[in-house]
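A, B, C and D are the chain letters, set down in written order, and residue numbers restart from 1 in every chain.
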Amino acid sequence: MTDLLTLIVAKYNYWLYVILMMIGLYAMIAKNNLIKKLVGMNIFQTAIILFYVSIGYKRDATIPIIQNAHGGNDAHAAVIHAADYINPLPHVLMLTAIVVSVATFGVAMALAVRVYQRYQTLEEDELRMRLVDIGPEK
Amino acid sequence: MKFLGFIIVCLTGALLLYGTGEFPGWGDPHSPASIHLSNDYIEKAVEQTQVPNLVTAVLADYRGFDTMFETAVVFCAGLACFLLLRDFKEKKERFYRHTPTGVILHVKDSKKVLKTGKEFEHMDKDWVPSDLIIKTICRILIPFIQIYALYVVAHGDFSPGGGFQGGVIFGSSLILLAISYDLKVLVKRVKEKILGIFSAIGVLIYVGIAAICMPMGGNFLDYSKLAPLVPGDPHHVRALGMLGVEIGVGIAVTAVMVIIYINIVSEGRHEEGL
Amino acid sequence: METIISIKPLLAVLVSLFVIPVLVSSSGKPNVRESWIFVAGAVKLVLVLSMLPVILEGKQIALTLFEIAPGAAIAFRVDGLGMLFAIVAASLYIVTSIYSIGYMRGLNEHGQTRFVSFFALAISATIGAAFSANLLTLYLFYEILSLATYPLVTHHQDATSRISGRRYLTFILGTSIALVLPAMIYCYHVTGTLEFSTAGIFTGQLSKPAALVLLLMFVFGFAKAGIMPFHTWLPAAMVAPTPVSALLHAVAVVKVGVFSIVRVITGIFGVDLLADFNLGVVVMSIASVTILVSSCIALSQDELKRRLAYSTISQLSYIIFGVALLSPQGLTGGVIHIAMHAFGKITLFFCAGAIFVATGKKYISQMQGLGKKMPFTFAAFFVGALGVIGLPPTGGFYSKWNLILGTLEAQQTIFMLVLLVSSFLNAFYFLPIVFKAFFGKSEEEDNKTPVKIQEANLCLVIPLIITAIISVVLFFYPTMFVNLIKIGLSI
Amino acid sequence: MDNYPAIIVITPLLAALLAGIAAWTEERLSYPIALIGLAVSMFAAFKVLMQVITSGTINYRMAGWAPPMGIEYTIDLLNAMVLLIVASIAFFNLIASYKSVEQETNDRAGSFYAIYLLFVTGLLGVTATGDLFNLYVLIEITSLTSYTMVALGDRDRGPLASLNYIFIGVIGASFYLLGVGYLYLKTGSLNMVDVANILSGLHGSSTILVAFILCMLGIWIKMALFPMHVWLPNAYSYSPVAFARIVAPLMTKVMVYVMIRLMITVFGLDYIFETLNLSEAVVWLATIAVLAGAVMALAQKNLKKMLAYIIVCEIGYMVGGAWMGNQLGMTGAILHILNDALMTFALFLAVGSMVYKLKRVDFIDLKGLFGKMPWTMAGFVLAAFSIIGVPPTCGFFSKWYLILGAFEAGAYHFAAALVISSLICAVLFFKVFEICFFEPMPEGHGHGDSSSHVTIEEAPLSMLIVSGLVSISLIVAGLYSGTIVNTIILPFLQ
């Protein structure tokens, strides 16, 4: 029990990300309203971002912007300790991931608008009934 | 469905947690992730690229290829929203306000379009009297926001920031305009065609800068080969290249932000928004 | 054995493929079209015959086109068996072309261009199957033939042809995919080759049960051979125009099925292996059942073409029967029956078609007394019947004779009885037709409404006379075919 | 000039941007721009393939940074082949699609071509890249574009189908991203080769196992392996034909390629088949996928839907072959990537022409089609035979290798599934042929005059020529499959 606790404490943000992701996934699968599903989708992707960013964190290190390196050349003078700066790579990746998720979300919203224009509802069960109404497929 | 979903979710969660079992502790400076690549970046980036903001350096140079496609994704999203929503059909009914009297006309057939000038003002269906305070404050704020956005783009090499952030801020300033006044004002100021072209041009700047490197004898994206083209210290050519692509990204992101906003709020009609 | 590399086999296959575009383009002008058919047929026959002397010298002609995998290529090899089959098919193709012109024009059928085009495709596939050097190539042409025949069988495009076409495919395509394909790939998996060789490709990899299963998969899988219970497609396919029935269902299609089984028994398993495992008897018993049952069914059929179909089924099993004897005599008798039965049966089909064109009569019961009106046709019919029954003076006698000797050679007395019984049955369901036709009272004489009936047009009569004559000739000069077989099976 | 690897991917992107601008300024320029872009890309892909065959794997460093710091393109025989397939199919489809795009996208052809090119860019990038995260970004480009396209097709059902496609697609992509994250956390690298080197010391780590499972799940969802296929049939049958014709042949195949790439290059076959020993289970899954796909196809009443389910079944072939755990199976799977791309392309070309003429392709709409569009049907028949696996069409030969592999691995159930599925395919297609062959043209339906005698109304020449070419290529690819295996696949696998 105690060691489990220590485990959790040592990696609590990984646990958090898992929980967050489960919430998002559940919303995507189980919710009936398309917008709620979209919200779930965002939570899901945010969880992943949290995960990556926590990979990048390094104890007692600062943001990856090299101090007193303005103008570049004297950067050689100031010697750089890798331990002082956190890992920049995950942040880069997540910048990309954020943009991708935003783009996806935008398209999804546009689609939701289209669906609403056509069926005047965003509840899945009602949509199903509407689909039955408009008869056999093209 | 709910129950099934629950099962699936639990299974996934269990799987992921099982994976965390062997994770290094959080923030452990000796975890592989913090050793293998990141040290190289932290130690070499500045001298190789002259860019102290490592995130920008990695984003726009080491992994610049990713970022290019990321920008392409943004462009794609804008295009998608346009294709999916834009509807050039005129709206059926319109509302006009006779400015001097404040009388509101309700025009039923879409053919009849009153000339909106100083006499008549085209207005939204669910129209709220526009609030002077909000308008004024936004009118004051917007320029500052835009200046700030430009700063964020330009200074991305040295401090947190970059094309995406700057672009988003700039786009939001325009969106603020649309919210505080109304959509027509924005659409009148920023033509749809301009947005469409700029969203492409932004990416084009990026790809162009990257592609020029090839005839200059380098690999794709190899800014260092641009030295002959740009004035000044050849040391900084990489930094300049990054600045260039960041500007491109900024333009693309701004344009796409606005495109998405306009199309979604007006259901593609561009006549009246929120 | 000396092998000559030559492109002739490929040409022999392709010649009628190349002519198809010409046929399609000249669809407007029937005469031009038909003349092209003859050109192609003649060229094909010449190509085939030009290879004959080489083969008779005991050499082989080979050509490898595409190496798919080591030991499995798309390749041609002309040996005795293939030569025999090719000669039969190519020569009968020309005769049938003449016949089909008469038939199709006589009834002015629709879609004649489509008909002749697929006909040409089918004959190409047949020759290809004859010249295949390995099981893969054989399978390839087997499938092409199945699919090329479908539009011919369903030529009328009506409900009945739709149903029978469906049955045709179900049995032909279904069995070949479900049984032959896995069996073939398993053989390749075990041995790493599919080349036909008289010694067989297996070198002790097979246990007896495995061999039995494989053998059965092949024998039933090549359903074109009409082994019961996979025979029902053949009577169903009789809805096709008679030239199709004649060439494809007396010669090409069914014979390709039988030929494939012969190839598998002699070339894949090898006679010796089967003899060791003593599996010939299994095949023989299956074949005998088919022979007897289908002969009995044939007795009960009144529609002439269906009776012919059932007799075909039993005759095909003779061939398999003979090969399954695994003795030189039996092999000779079985394989040569491919040729003998072909000429006999095609004569019968031609007659059936001629009668139908001339009188519109399909049923045997209506044919009383027609013999006087159509003497040549029924004379030929008689000869053909003799050939199928296996009585002198026709080639059929020769093969029957060898089969019986074979059974004696293999001390299979029971099976000899099977042969005799079935021969009697054949006699029972053929000869009465002829006798009734010549000596029976025709309908016109009972009801005094004389209908003018005479021989069908020459295009129909000449071919059936030719084939009848050939099958008589074969009685006196079977030696060439025999030599081919001896060379092909090196016995 | 040694920049061909970059050019393959960049030219479509550039063309997409220019087409996007042209859409606003000079619409009619967008089509030629797209055509040129794809032509260049195809040429570059061809050059690269030749180069790889003669002088081995090409490593192309983006921005000149050495991996693992920079992103690297690693082009070996496998993805050189896939690149050529993707580029050429995209190009030829564009030629065939001009008319149907005009017909289907109401005066937005320019933007349509831009999206189309972005999709192709994504596929090419996915195929070419040697970096795990770059792969993710490009997968997202392909997904985003296909979401859009699906919604553009059927006005009634398109948007909803596309929305569901998004939900599933995002889950798939995110799983893959998580898998990459787990890998990164353990190895600290993103370059495939580098990761593979580090992994060789980490076998048996639970994190790596989870990473592997996540990656595979993600890719399987993206490639619509049964039972994760639910999005595919709708997505493919509602999208505009011009797009369906390229997404159907390419999307799933490229995903299969990604799976094989991850298996061989990143995780390593010995890890998968010896350390984990998952082969059994996945082959069973593939078997079920094959059968389920075929059976569900039987239930369809619409040609597009039927073909979509056949694709589900074909995916089972490739997954099964790849997971067979022996060289023959893998050979079959890779060969089938090529063959299935060609067959599906040929099928959808024919269907595209039908849709162009008939608007609807429910089975009842197809009556008398052999008389109406003989050449289109000829192409369709040939492609169908290839799916059924009739020699000498290429479908037969990949099936040949797959069954051989199944025998060698003792997976007789998979071999049986293959045989059964080709029987079912035979039934499916002959059902269609019978309708087209036996049933007369319905009065007053279809196009132009509805007189009882059939009038030939063929699809536009552009479509016919392309579908003719592809049909021939089916047979050529079949006959030369031996050569393909010996020059490309076996050297790659050794």
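Basically, contacts are C-beta pairs under 8 Å (C-beta built on N, C-alpha and C of every residue); 3 or more make two chains touch, one makes a residue touch a chain.
Predicted, not measured: the structure shown is a model, and the values here were computed from it.
Least step count on the touch graph, chain A to chain B: 1.
Looking at B-D and A-D side by side, the one with more C-beta contacts is B-D. Averaging C-alpha coordinates per chain places the centre of chain B 75 Å away from that of chain C. Separating the CA-averaged centres of chain B and chain D is a span of 32 Å. If each chain is reduced to the centroid of its CA atoms, chain A and chain C end up 71 Å from each other. The distance from the centre of chain A to the centre of chain D, each centre being the mean of the chain's C-alpha atoms, comes to 29 Å. Contact of a single residue of chain C with at least two other chains is seen at no position. In chain B, the residues touching two or more other chains are 16, 20, 23, 31, 33-34, 37-38, 41, 63, 66, 70, 73, 76-77, 80, 84.
Residue positions of chain D touching 2 or more other chains: 133, 137, 140, 144, 147-148, 151, 159, 178, 184-185, 190.
Every pair of chains in contact is given here: A-B, A-D, B-D, C-D. For chain B in complex with chain D, the residues that touch the partner chain are 15-16, 18-24, 31-38, 40-41, 44, 61-66, 68-70, 72-73, 75-77, 79-80, 82-84, 193, 196-197, 199-201, 203-204, 207, 210-211, 214, 218-224. Every residue of chain A that touches chain B in the complex is listed here, in rising order: 10-15, 18-19, 21-22, 25-26, 29-30, 54-59, 61, 63-67, 69-70, 72-73, 75-76, 80, 82-83, 85-93, 95-96, 99-100, 102-104, 106-107, 109-111, 113-114, 117.
Interface of chain C with chain D (complex): residues 65-69, 73-74, 136, 139-140, 143-144, 147, 151, 154, 157-159, 162, 165-166, 169, 173-174, 177-178, 181-182, 185-186, 188-189.
If you check the complex, the residues on chain B that touch chain A are 1-2, 4-6, 8-10, 12-13, 16-17, 20, 23, 25-29, 31, 33-34, 37-39, 41-43, 45-47, 50-55, 57-59, 63, 66-67, 70, 73-74, 76-77, 80-81, 84-85, 158-160, 162, 164, 235-236, 239, 260, 263-264, 267-268. Against chain C, in their complex, chain D makes its touches with residues 385, 388-392, 397, 400-401, 403-404, 407-408, 415, 419, 422-423, 426, 430, 434, 437-438, 479-483, 485.
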